[in-house]
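Per-chain numbering from 1; labels A, B, C and D assigned in written order.
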Amino acid sequence: MSENTNMIKKAGITFSEEQGQLLEIAESFSRDKAPIATVRNLIESETGFDKDVWTEMVNLGWLGIAIPEEFGGSGLSVAEVVTIVEPMGRMLLATPLVSTTLAAQLLLNAGTTAQKQDLLPRMAGGAIAALAMHEEHGDWDISHVTCTGVISGDTVTLSGIKRLVTDAKVADTILATISIAGIPSLVAIDSGSIDSAALQRETVIDETRRSYRINLDGISVPATNIFDAEKTAAALKRYHLLSCLLLSAEACGGTAGAMDITLNYLNTRRTFDRFIGSYQSLKHTMVDILTDLEAARSFLYYAAGVIDTDEGEAAVRMAKAQSSDNFAYAGDRAIQFHGGFGFTYECDAQLFRRRAFWTANQSGDAIYHRKRLATLLLD
Amino acid sequence: MSETLPCIEAFKKEVNQWVTKNKPAPPTFLMPQSFMEVGTDEQFEYLREWQEKVYNAGYLGMSWPTEYGGGGMPEIYQDVVNKELVAQNTPFMVNTLGLNWAGPLILNMGSDEQKKAYIKKILSTEEIWCQGFSEPDYGSDLGNAQLKAERDGSEFVLNGSKIWTTLATQAQRMILLARTNTNTESKYDGLTFFLAPMNVDGIEAQPIKKLTGEHGFCQTFFNDARISEDCIIGKEGGGWLVAMKTLMFERGAEGGQAGGHTSMPVTVEEVAELSKRVYRDGKPANQDPMVRDELVKLLMRGKAMSLNGARSKIPALISERPTSIAMSVKMLATELSKSIGDQATSLQGSNSLYFVGDDYAVDGGRWQRTYFQAFSGTIGGGTTQIQKNIIGERVLGLPKK
Amino acid sequence: MSENTNMIKKAGITFSEEQGQLLEIAESFSRDKAPIATVRNLIESETGFDKDVWTEMVNLGWLGIAIPEEFGGSGLSVAEVVTIVEPMGRMLLATPLVSTTLAAQLLLNAGTTAQKQDLLPRMAGGAIAALAMHEEHGDWDISHVTCTGVISGDTVTLSGIKRLVTDAKVADTILATISIAGIPSLVAIDSGSIDSAALQRETVIDETRRSYRINLDGISVPATNIFDAEKTAAALKRYHLLSCLLLSAEACGGTAGAMDITLNYLNTRRTFDRFIGSYQSLKHTMVDILTDLEAARSFLYYAAGVIDTDEGEAAVRMAKAQSSDNFAYAGDRAIQFHGGFGFTYECDAQLFRRRAFWTANQSGDAIYHRKRLATLLLD
Amino acid sequence: MSETLPCIEAFKKEVNQWVTKNKPAPPTFLMPQSFMEVGTDEQFEYLREWQEKVYNAGYLGMSWPTEYGGGGMPEIYQDVVNKELVAQNTPFMVNTLGLNWAGPLILNMGSDEQKKAYIKKILSTEEIWCQGFSEPDYGSDLGNAQLKAERDGSEFVLNGSKIWTTLATQAQRMILLARTNTNTESKYDGLTFFLAPMNVDGIEAQPIKKLTGEHGFCQTFFNDARISEDCIIGKEGGGWLVAMKTLMFERGAEGGQAGGHTSMPVTVEEVAELSKRVYRDGKPANQDPMVRDELVKLLMRGKAMSLNGARSKIPALISERPTSIAMSVKMLATELSKSIGDQATSLQGSNSLYFVGDDYAVDGGRWQRTYFQAFSGTIGGGTTQIQKNIIGERVLGLPKK
């Protein structure tokens, strides 16, 4: 009286040799560089990350992974970046690697030749890039842009407020969406042109992040900083998917991290002479989190492989939908299952739950992506 | 307050006018939802002043005896005041523990000296009270309290620690459950209940930083702290009974509280209202079909709780399992609070990434904080998981083992 | 560290003395008349119910509860009927009481004086009425009518097929929705005018039910059998809510019944020397079902009291949404928790799960009602 | 079949043509999804004829040894056939237990006599096999099997009963786990594995009516039934090992199955397809936003399972918990089947009230039946609840006690 009525169908996950190597290296790197005490110390710091660790990552070539060799990178793909971001997420290691990688992809997809030649080698070499995509309306659709740019001769004069720009303060370059003549456009802003008063630190739910709002009013940049208008729409669309992919990687890692601390507690804490991990209500919940994580990781590595194919959009949205909800649940249960200790700031569970809010509510939450999956899969 | 009782309708009007005129200006900080969230001196002082003002106006402890500082009036007058305080969304009474637990307990079981010493100061905020029940290693298993109180002549020497001692850094008094005898046959018989002073050598309260990053709870350490035997309420060794009585007051299962309202809860209706003024996916959140469905489920949970309350007053409709609704209220209410915080946060699109302290956080980050704060309810006083065991065993009669 | 941050607000459930009396009587009546062996015997029977039990119910006055005294009833309301239907549902006691009650309400709301005077006293006296509302499209909206009636002189000639007409074979009168000149109308069909070949028994998921499809082609009824056209739309709308209310009562009862058998099993079956009810995964699930049932009963008795007020529609839809999902879940877990025995026809769990499909998928399931609640509560 | 092996491409074409030409007309009854659902003689005979036909064409047991009735060819030829049989949606092979469990077991561990006696008849359907593992009081706790087999000379006398003995009323043979010694130190050492005949006095199979109202399982009773010691496979007292081996074949963890496809599963894609052609709330079901969301969740569960399968072949991506995916497949797949049945049924508005047997039931009531039938998976072979215990303990390392 048992038979699986749903056959496992073969389906394609590609996984390169480089991915395998990077995954292994990134796992031990993240464990070494980001024990939880370090993560907590960095929360108290100004920049939120360790410059030395960043330098090591640059030296390992991680900032150039998905940048072509001609621009100083190693010519691999974002799929390889996924294998770094996942272990980093597990250890809550916060760095500008994701934003810099995404910025490089935007440049590759819609930058002018001059922009690419100028910026990409610098990014591969560790120059930090930040992304100014969010505005007051809170919409996840990054083509919904209200900040404006007016071209006059050789310069573009910007106005409006960008929010939730992570690592803006340490960035070399900030890529911003700007509406020019009503059309969503991309522009590179040299951080030197931003007055320090225009940058205001924000209080965000994930304390490992450094987020800023930027008042663009009065900032002018050369018109040559505008990206190729014909390629911008497509680049933004791909950016959305890439962002979702890397957030999914972070969320998968984070889910595993939340599980780690919870399992450790369940295996050591006793009540009424039993390890609390022996109680079914806790045990079964952890199994649910595990199986959901397995699904999320399968979506993640599937999406990493197919992102630039016809299957890409659906694959990425599945990864984002699954991993967002998982991580939130794993973080929520991590707090709950730590009991009274879970309610304290000292318990690490809250760090993961805060991070889960952060990753889930960027670039669309599960409901948002399932709505778009319905169009892709059911119509 | 006049000697002859005013008529209720006139009194309502009087109270309405007083509250309208005297309620404090909105604070610059995000208002805590209950005394358990008071984390800064600024918050505490704002709330303390308000309670003092209400008491001085004669609107607190109205049905408590006049000889101890109360108003000596029928409860209905306090009810009128309570309703008006809630209706006008005034701050809650910060000395919650004194007004709702310690005060009724002392009036019920305390000696005349104790009543004289404590009751009025509870009302006037001259003495803030905290509670010392839970201990770090025993969670809410009160019967296992280990804090030692050894008799030395007419004094007791306290050693150990208590956790979740809300407002302990502000408090002058603590209701304290301690072990005065470690050799009793039943562990319950070794417990004694004290009305302990906090300003004593060897008692030190240390704030606990909550997961929200705010303060509001403490751990209180006792190192050879000496208190007088006069602090005992009830009998030496009879602390368990007193503790159970106190919990009855806490849960509102027994009346006698001083009045005023004690928390500013979040409601499902507020989330529905929020959904109209935050945007996600390019539209007001309340226009997204999936969000709508989630909100309806949330509204139904809120409505079901209030209807359960109404139904529990109709014996014929709870006859089969009379304790079912009452025993699940805590679990359902606290889980609902968490869902409220979670859903209200998720409504906000990328603006949900802000937190308390950011100028641009929706409603000052109230919803994010509500979510995290709600764990105090789903964990404290017996976790949701423990509640389910209890309900399964006591209401459904399922076997423990 | 505990405080309920959601105060219990006072809210109104009215409960009459008559409701209290009827509830008590109906509970013991249902227990007496419908032990599970009887229910199973009736599954094998032609009509699906016991004529003697029906007669007793008639003699108790239950068919006339919500019929005014002038028409031979006792002039109470449908709220009192709820207190009978809930205990009947718990014991899976199937009778045409619900359909006859609903038919009487349709008559009261939209029948002509002659129709009321003719039919209501008969119904109060036990004449069975059936409802022909469903059609091939499966739509729960009963104003979506494709069966037609053409008036010619004094007669209406009907055509089309009605489905899912319960107890049609034993009914005295069948009330059917018919489109006359494009307008949804109601018509009373005397069972004598339906040829036995036009009635075909259906195989339905709830085996305690007797369901038929009726081929209306060729059936003619007097034009005086048409209900008052001006009152029909409102009557159909109220019918929908009444139907939901009584289905909710049945579902609440059924949930309690499914719990009864499951709790009994959990308290007696042992594995590995433990009663299986001591396992948290089963215990906690039963608690979830209990608290959901408490909510559903609160909605039910609230809705019973306010159905004809402004709050009525929302109250009823909440009751239906909550009770439908609860009952399905309670039935599903009843099967699962009975283990191998649960997989057999001999185990009573399946009876409840089948009934849950039946009640959930009549007059709209939980999703359907929540969609309408959103309009009522959020717009 | 020619003596020299045909080239694969030519063979594919040949098979395609044969299946196209020979596949049976659609039955008048609702097709069972697997051998466990075969409940009527009509269904059985339809399926048996088809297996016989496939075998006679040389398309079954193609890689089994020729001396016992197999084809003696490389496995790839059978793979080609299997794929084609699935692609053309042909009925499954009814002697599933013989082809997939008993056959491979006998070829692997049986004596030459046993191979000669049984293998060909498994392929040809001359002998249908059933299994006698579970017992009424011990569920899937095989190690506790209590059915007694007492040696009497060269015979064993069987007493007890086995449950879930699928097709036992049709079967000529049973693989049977019985207790030949009740005095062993370990309960596992007292078990012996038999290839038992069914046509023996004292063995009686009684159909069990399933919750769907259909037959398809049996309980088989043994009353002083005598079978020869020649029926033992493996060693007397060594039955546990043989049983474990058999389960490896069942789970496909070890190869050697005869081929043909064995079940006609429901898929999430079919539910998506169904949603386009059933109406609810006045529109095709796939246009309702809430239904869409539920369907997407379902599609994701299906997709995740297939992707898990693909990922489990990439060691670097399962290195931390190598058994996690494999150990959860049964649980996830069976729960998914149930959800498929449930959701597909609920899509249909009031038409979901029909059941198998009604002319107007959508797809013959297939979805309703799928739901109920799925409990065989969520209960049998260790319930979902037991699976979670096992995964929690073995994969996550959580404590048993």
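One rule holds in what follows: contacts are C-beta pairs under 8 Å (C-beta built on N, C-alpha and C of every residue); 3 or more make two chains touch, one makes a residue touch a chain.
Keep in mind it's a predicted model, so treat the numbers as computed, not measured.
Across the two candidate interfaces, B-C and A-B, the one carrying more C-beta contacts is B-C. Among the remaining chains, C is positioned farthest from subunit A, on the basis of C-alpha centroids.
Distance between chain centres (mean CA atoms), subunit A to subunit D: 44 Å. Inter-chain centre distance (subunit B to subunit D, centres taken as mean C-alpha positions): 58 Å. In terms of their C-alpha centroids, the spacing between subunit A and subunit B amounts to 40 Å. Shared interface positions of subunit D, i.e. residues touching 2 or more other chains, are given as 134, 164, 217, 289-290, 293, 376, 379-380, 385, 388. Multi-chain contact residues of subunit A (touching two or more other chains): 1, 279-281, 284, 340, 343, 367, 370-371.
Across the complex, subunit A meets subunit B through its residues 134, 136-141, 144, 163-164, 202-207, 211, 213, 271, 279, 281-282, 328, 332, 335-336, 339-340, 342-347, 349-350, 353, 357-358, 360-362, 364-365, 367-368, 370-371. Put simply, subunit D touches subunit C in their complex at residues 134, 136, 139, 163-164, 208-213, 217, 278-282, 288, 290-291, 294, 342, 345-346, 348-358, 360-361, 365, 368, 372, 375-376, 378-380, 383-385, 388.
Interface residues of subunit D, counted against subunit B in their complex, comprise 289-290, 293. Only residues 33-34, 36, 134, 140, 164, 166, 217, 263, 265-267, 272, 275-276, 286, 289, 292-293, 295-297, 299-311, 314, 316-317, 321, 324-325, 328-334, 336-337, 340, 374, 376-377, 379-382, 385, 388-389, 391-393, 395-401 of subunit D touch subunit A when the two sit together in their complex. Interface residues of subunit A, counted against subunit D in their complex, comprise 1-13, 15, 19-20, 23-24, 263, 266-267, 274-275, 277-278, 280, 283-284, 286-288, 290-291, 294-295, 297-299, 301-302, 318, 321-322, 367, 370-371, 373-374, 377-379.
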